């Protein structure tokens, strides 16, 4: 089974980020960001273009070293060793696929790279979860953008990651694909995985999120937003306007 | 630091050789499906041989004096064609990000890509050697095995340093210009001894005369493979 | 629009311009004067070599330029590049960048002065033999190094990839030095940098002139590298201010 976990996750925090700062030249893309995420939490990150959301996501995934600060994933500091990288799944608007290989070959390769013992079965399960099994033998370059994105999501989830980082994952997905992605992410959350979701699709983002934050100019300006507490599209739009007008003063 | 607290029993820890072979197999499968780089290299090899053949003054220059140089020009520049595409395929849809996010070590990724490039270069050599022999009416003989051996030995050094520079230049705007500009000077310490051995063997000199050149070639192979393997992770980290 | 609290001013000792003197750089001028003086000394006050005659005097420019370019510029550039990968200090990247440009100047002097000796002695300006060829290709590496730096926008990526090229370029220098021993070549065997370094083959007057030339070239190297580093520091400081606007 794809989303299997052989031991219950630890009761402590899954992700602990302290004082993260990343500088590119003279510009601070991320400045003094700290956050904690428990297993089973989904943080939706909103903000204007250039706010630093993708940079923060890449530091949380260990792809980018912070200039200052630390990130710990289940007790291990990132960027980490092989065992820690195994815990992370990446989904972005880049498919991270090989166009000349079939959907199945791409997902099997990802499963094998992550040390999945039953790589072939895991790949088929992942493709089935994203409702793209019938196109498993089609080269990726011949798939539509939406189907490529579904295969990319299968690639990211095939090794049952504990932390999934999603950067605009709904890009190119149709209704069916979006529902399949949401269902897969809900299943992951139910077995204790942690999600960090960057999206401009407010509806999908808030449907999954246990809490939300707004990022502006490299900093988290609001971190106390929860759908359960009344945070929705309307309140977000109002908040966004007031924050950007404060910026303009 | 405490050991991981989440146990994933269906996880196999990374192994250098297994991971390298997996990456190489993936690259060769992609090249086999597209054949873009191999066809370009093969056409280049045959065309170059033909051009050298037509500009050769048969009475004045012996084919055994000309052929070694022709062979190594072809090997060097067709190798560049293959090296350029080896990271192009990774960066097209950022597939390299997914590989780097996996537990595989950076060194095994380098070894896998270098192995695939080595297979590519050896295929081009396997095409170019008979082509040069045919076009220049070179004699058949046991020396061709020696030339094949030194070609493989030189290919190891070329591919090691070429794969490193392909990784470096793929991050820049001027990759097609920078790769030959940076890589070719480092090919010189490998190509010169290889061309010398090729020339000695073609001219029927005894094997003992080639030993010093082969030792020099092997020494540079070791230096370049080691240096490139150590340097490669720095091309990827941010 | 005023800056938000997240956009703080970044200013530290790494981008503060070293105390640059206003007006003329007297050190550089003195170094250039030293090189001119060395050339005058070679032409007017140094005896000619018996067999090669006037052409041999190129030796007093060619060899100091080669020593300065290869051993005092490229090798330190490789070492500093390695230190950058270890320490990630941007000052080390600026030093490596400065050494690479200065190295290219001296390597260009080597490649240009060699033919003026080669024509009367070999009968040809250029020979595709191992030492000349590998020195020419080293200049390509240095040019490629600078072209690559111009093609990468991101400072950290630029510094990191340049450092790798710098280290690999340093590996070529021993090969160049050993080529005259490894290959049958027209290039003269080393006269100064030999295994018997303490027993020189030059006459005392020639050795004096050579050491004077070498000192002048080394002084010029220091002056040029210093100037180039200052320029790089000022450039990066302005870039930081530009990024913060």
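Each chain carries a letter (A, B and C) given by its place in the written order, and its residues are counted from 1.
Note that contacts are C-beta pairs under 8 Å (C-beta built on N, C-alpha and C of every residue); 3 or more make two chains touch, one makes a residue touch a chain.
Worth saying up front: this structure is predicted, and the values here are computed from it rather than measured.
Chemist: Most contacts: which chain pair?
Modeler: Ranked by C-beta contact count, first place goes to A-B.
Chemist: Quick check for you: compute each chain's CA centroid and the global CA centroid, then name the chain with the smallest gap between them.
Modeler: The most central chain here turns out to be B.
Chemist: Could you state the distance in Å from the CA-based centre of subunit A to that of subunit B?
Modeler: Using C-alpha averages as centres, the distance is 38 Å.
Chemist: Approximately how many whole Å separate the CA-defined centres of subunit A and subunit C?
Modeler: 49
Chemist: If you average the Cα atoms of subunit B and of subunit C to get two centres, how far apart are those centres in Å?
Modeler: About 31 Å, centre to centre.
Chemist: Could you pull out the residues of subunit B that touch at least 2 other chains?
Modeler: 237-238, in rising order.
Chemist: Would you please write down the residue numbers of subunit C that are in contact with two or more other chains?
Modeler: If we look for residues of subunit C contacting two or more partner chains, we find 156.
Chemist: State the interface residues of subunit C toward subunit A in the complex, per the touch definition above.
Modeler: My answer: residues 1-2, 4-8, 10, 15, 154-156, 239-244.
Chemist: Which residues, counting only subunit A, touch subunit C once they are in their complex?
Modeler: 23-28, 31, 216-219, 247-249
Chemist: For subunit C, which residues count as touching subunit B in their complex?
Modeler: Going through subunit C, the ones touching subunit B are 85, 130, 133-134, 137-138, 140-141, 143-145, 147-148, 151-152, 156-157, 160-161, 163-165, 167-168, 171-172, 175, 182-183.
Chemist: For subunit B, which residues count as touching subunit A in their complex?
Modeler: 1-2, 4-14, 19, 22, 26, 29-30, 33-34, 89, 92-95, 97-105, 237-238
Chemist: Show which residues of subunit A lie in contact with subunit B when the two form their complex.
Modeler: 4-7, 9-10, 12, 58, 61-65, 74-77, 79, 82-88, 90, 92, 94-101, 105, 109-110, 112-118, 139, 155-156, 159-160, 162
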